[in-house]
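The same chain A turns up in both complexes below, where it pairs with chain B and then with chain C.
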Partner chain A sequence: MKNSVSTWMHKRPKLRLTALLAAPTLWLVVAYLGALGALLITAFFTIDNFTGNIIAKFNLGNFHDILTDPAYRNVVLRTLGIAVSVTIICAVLAVPMAFFMAKIAKQKSQKILVALVLTPLWASYLVKIYAWRTMLEPNTGVMDWILGPIGIHSPGFGGPAIIIGLSYLWLPYMILPIYAGLERLPNSLLDASGDLGARNFYTFRRVVLPLIFPSLVAGSMFTFSLSLGDYITAQIIGGKLQMLGNVVYQNFSINLPFAATIATIPVAIMAIYLWLIRRTGALASL
Partner chain B sequence: MVEPASIIVSIRNLSRSFGNVRAVDVVDLDIYAGEFLTLLGPSGSGKTTVLRMIAGFERPDTGTIELGGKDVSQLPPYERDVNTVFQDYALFPHMDVISNIEYGLRIQGVEKGERRARAEKALAQVRLEGYGSRRPAQLSGGQRQRVALARALVNRPSVLLLDEPLGALDLKLREQMQIELKELQREVGITFVFVTHDQEEALTMSDRIAVFNQGKIEQLGTPREVYENPLSPFVSEFVGQTNKIVMDGRNINIRPEFITISKSRKFGDRSVIGKLHDAIFVGATTRYLVHTELGQTLMSTQPDGEFSVGDSVTLSWESKKEFLVN
Partner chain C sequence: MTISKRARYALMALMGVGLAFIYVPLSVVVINSFNSSRTFSWPPSSFTTEWWSKAISNTGVRKALSWSLAAGFSATLIALLLGTSLAFAVSRYNFFGKDIISLLVVLPISLPGVVTGIALSNAFNQEIGLSTGLLTIVIGHATFCIVVVYNNALARLRRMGTSLQEASMDLGANGITTFRLITLPNLASALLAGGLLAFGLSFDEIVVTTFTAGPGIETLPIWIYNNLFRPNQAPIVNVVAATLVVVSVIPIYLSQRLSQDSTSGGRF
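Right, the complex of A and B next:
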């Protein structure tokens, strides 16, 4: 019989579930959790200063060094500051953009706009950041060339450049969830608010913003975590500025356990961030 | 009850197109203060667009809407003294019931104590005392409907606009709400403009009905006028059921309930004989389908009688009950 396999499977729900989830579970456990576990364990190892070999013994020394050395604390705060700035800039740009896409643009242009928001994601990350390098290059860059005559100059390579570059890179990840959230928001709620006497800004503050808050949180998780872990942008347009990722990169070949310890910091920050969000209740309605 | 002299909404020459579709095609309409006016029509007939233009959600292409003597057709919704009950209720899901109701008062700057008192009173008016702290998601469809009503009425608008508010309720609840709505309207004395595609609902509740078809008002009148003397074939078919008869070379329209069925006796000055084709029991009445000697099948709606399918029967009616005779 043609259907014999499906009939046989139909009577065995557990086997069906196993077949469905085997591959993703394997991937999750081995590649994802495995790597994360290895990272966490390695963070507690040290190296022999003389031979450079890894000493696989539990040791809090790396954490002690990071927490007491002001240089590392500065890198942590700087990275955090950049990630927060990027998230705020993305949110401020994305909300009106997504609102236009979901509520004002015609049905036909909505799809085109979504495609346009996605197009930058088709280009390579490196290409985009090198493009920004050309844009922001002091004196000879595109920005100084065009805006220089009216007195606006490139901020040069450094913190502001990193923030501009990362905001550009992650903006689509903020726009899309907010757009999806606004699409789910019935137009009648906006009509009702106006009908009850609210001007547009009041409607935005009291109706739109609370209802798209979960979408904003979803977008911020992308922009925030992607910024926390980035190091290439800092390398290319950050000048001498270092983010956490750069410190990991530098220590990777010379002191692997120390690099692992640094790498746990963004993980810990993300965990705290998620915990804070959870307390607002936004995760429940995602 | 209704002072015909006091016109609260005056619509002149109103038109609105969407793309190539003329949704509203030169409508004139006066709405009296305190009346229950129903805009009745099939979907796409323009009734909802007229309502949305009164509310301010749509701007007319041409024409004017005067509210209390002032042209409001170009004003935004928040500058119009009307409130709307939406088809999907449009309650704010992130606010509890009392905050939903207080929303309009809060914007008007009504002080907190009075605000709460008025909101509680509105909640009592729709018989939902004690539901203030619930979220809309925790309410049934009928309860949401009432909250939406309270949220609009609490602002004491000069006109309340209702966009098919009973459409999502089941039949039993809908019939109950029809009566409640009508009572509420008498109680608060506010002008109600009610949009529906349900002719029975329109007949039950309205002081006057405006029947819409293809963006125009086909007939405007009391339920009795619209039902008993429809001025166009469209109205006669949309409001109630109609037998279309060709008799003596003339077209005649007659409602099924005005046709009496009997074995051989005549009740009225017109009659036709035929064979009973089918009898459909619908509870209070039975619908008899009769193949007549005219070659047409007529329907007679009467209390259940002693007839079997295949019987020879006589259908009769009073000629004064006929309409659209030509």
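Right, the complex of A and C next:
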């Protein structure tokens, strides 16, 4: 019996494929893509100002409001500014760390360093931001305690705090692709460059950097996109500052169509970003 | 290699600064869970284990933990089933829309959580009238967990090739026996790594959960968030936070042992 079922299936590759694909496709296409599609359609609806019910009539009012109201333009620009700053900070921190891990550390410590960089990825997201609340607390925080004596004080809760917190959260996502890129880079290239008379920094700028650029871009996809949609960090250490995600979150319960409209902004920005970087080979290096 | 000593030391110092940046905040959380001051002024003047014993008997924490475990296990199970069968389909067959489906599977973790969250919430409430509860949390979590199982399984299946299965079939084993004795044992550690990561993602998730959790259901992250700004709960929050920091060492240890396919355990 078992044998005959097996043989019967073996002769029908199409049926096997259908059986394998049915559940995942149904889940991803119907449940997920369907939900996204419905949300996108909702973005073109409005709500009745008195009852708060959604009026299912197609119009571009929400998009018009967002494009013309300078308050929303500021939120978009601020969010973009934060995401770009976070990406730059992560890259600046990650490159020397990844280089040390891949090219200088001994084989044995290399493994430990990778584990050390990976561990915080498993520590709770919320706990990490909570940690920065304790760190950045003005006057009584840990940062003032450690760095106060050398004249560096906590910026308090606000934009800089959000940038620090998000850089902290996403730093491993930048280190790991760059580390992987550097591991693939043969040491002989560095030796050759040195033999031809190039100094350290020159080799780095002319040999290493161009070769790990795709990895850098791959890392930036994480740091940039994860920052764009975040709102919890802003809620916890951002003071009164709002990012795009906060506006979506606030409108969610009072004006869903408007929330849906705003939610399309980070998605659109990400789509443009992916389109811009598609030629760098970053997508293939993931 | 021709890197000057000075450059080596400079890089070593930067590595140290980077690691300090990563570990100082986490250490502060752990130390603060023993801080005897209720306002958690820094540096702590004295230490106590009082908050730990209080947290262990705290019913809110216990309940939240059980919700999180229930959601995590269910979502992981669904992700394992769907992710593995998708990985088989993509690695072993050619079909129309293959590129689209492999893009679609990554979408839930690529899009901002808030977008996925309101999309699912809108679909549950407005479109199909499903009341939010544990089921909706599990649906939300499974959606973004599929990809990590898929990535792990796909990498392993590609590395494995088909020669072992062909050899097994040539020796007379049928499809089911081959799967049971050859394919599954070779795939097991990748599935375990993927499942571990899926559970980790689900256990830590807050944004999608915020939008899909029904009233009265608090997963651990939601519990932490709800109590974050309540001063009288701060000691308990500190203990829960410290526990989560310490516990995060376990999966990293396991996943490093399990997965040889990539350093990140297939998160990328």
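Everything below uses one rule, namely that the second predicted complex is superposed on the first by the 248 of 286 C-alpha atoms of A that agree within 3 Å, B and C clash if a C-alpha of one lies under 4 Å from a C-alpha of the other, contacts with A are read in each partner's own complex, and residues count from 1 in each chain.
Operating definition for what follows: a contact is a pair of C-beta atoms (placed from the backbone, for glycine too) under 8 Å apart; a residue touches a chain by one contact, two chains touch by 3 or more.
What you are looking at is a predicted structure, and each value in this text was computed from that prediction instead of being measured.
In the overlay built on the shared chain, the residue A:K11 is in contact with neither chain B nor chain C. Shared-chain residue A:G197: touches chain B; no touch with chain C.
Which of chain B and chain C touches more residues of chain A is settled by the count: it is C. Of the two partner chains placed by the overlay, neither chain B nor chain C lies in contact with A:K108.
When the two complexes are overlaid on their common chain A, residue A:I236 makes contact with chain C while staying clear of chain B. Comparing which residues of chain A touch chain B with which touch chain C, the overlap comprises 191, 194-195. Chain contact summary for the complex, chain A toward chain C: residues 2-3, 5-7, 9-10, 13, 17, 19-21, 23-25, 27-29, 31-36, 38-39, 42, 54, 93-94, 96-97, 99-101, 103-105, 111, 113-128, 130-132, 134-135, 137, 140-142, 145-146, 168, 171-172, 176-177, 179-180, 187, 190-191, 194-195, 200, 218, 225-226, 228-232, 236, 245, 248-249, 252, 256, 259-260, 263, 266-267, 270, 286. By the touch rule above, chain B contacts chain A in their complex via residues 55-57, 76-78, 82-84, 86-88, 90-94, 103-104, 107-108, 151-152, 155.
Listing the residues of chain C that touch chain A in their complex gives 1-4, 7-8, 11-12, 14-15, 18-19, 21-26, 28-29, 32, 40-43, 81-83, 85-86, 88-89, 93, 95, 101, 104-105, 107-108, 110-116, 118-123, 126-127, 139, 142-143, 146, 174-177, 200, 204, 206-207, 211, 221, 224-225, 228, 237, 241, 244-245, 248-249, 251-253, 256, 262-265, 267-268. Here chain A touches chain B in the complex through residues 186, 188-189, 191-199, 202, 206-207, 210-211, going by the rule given at the top.
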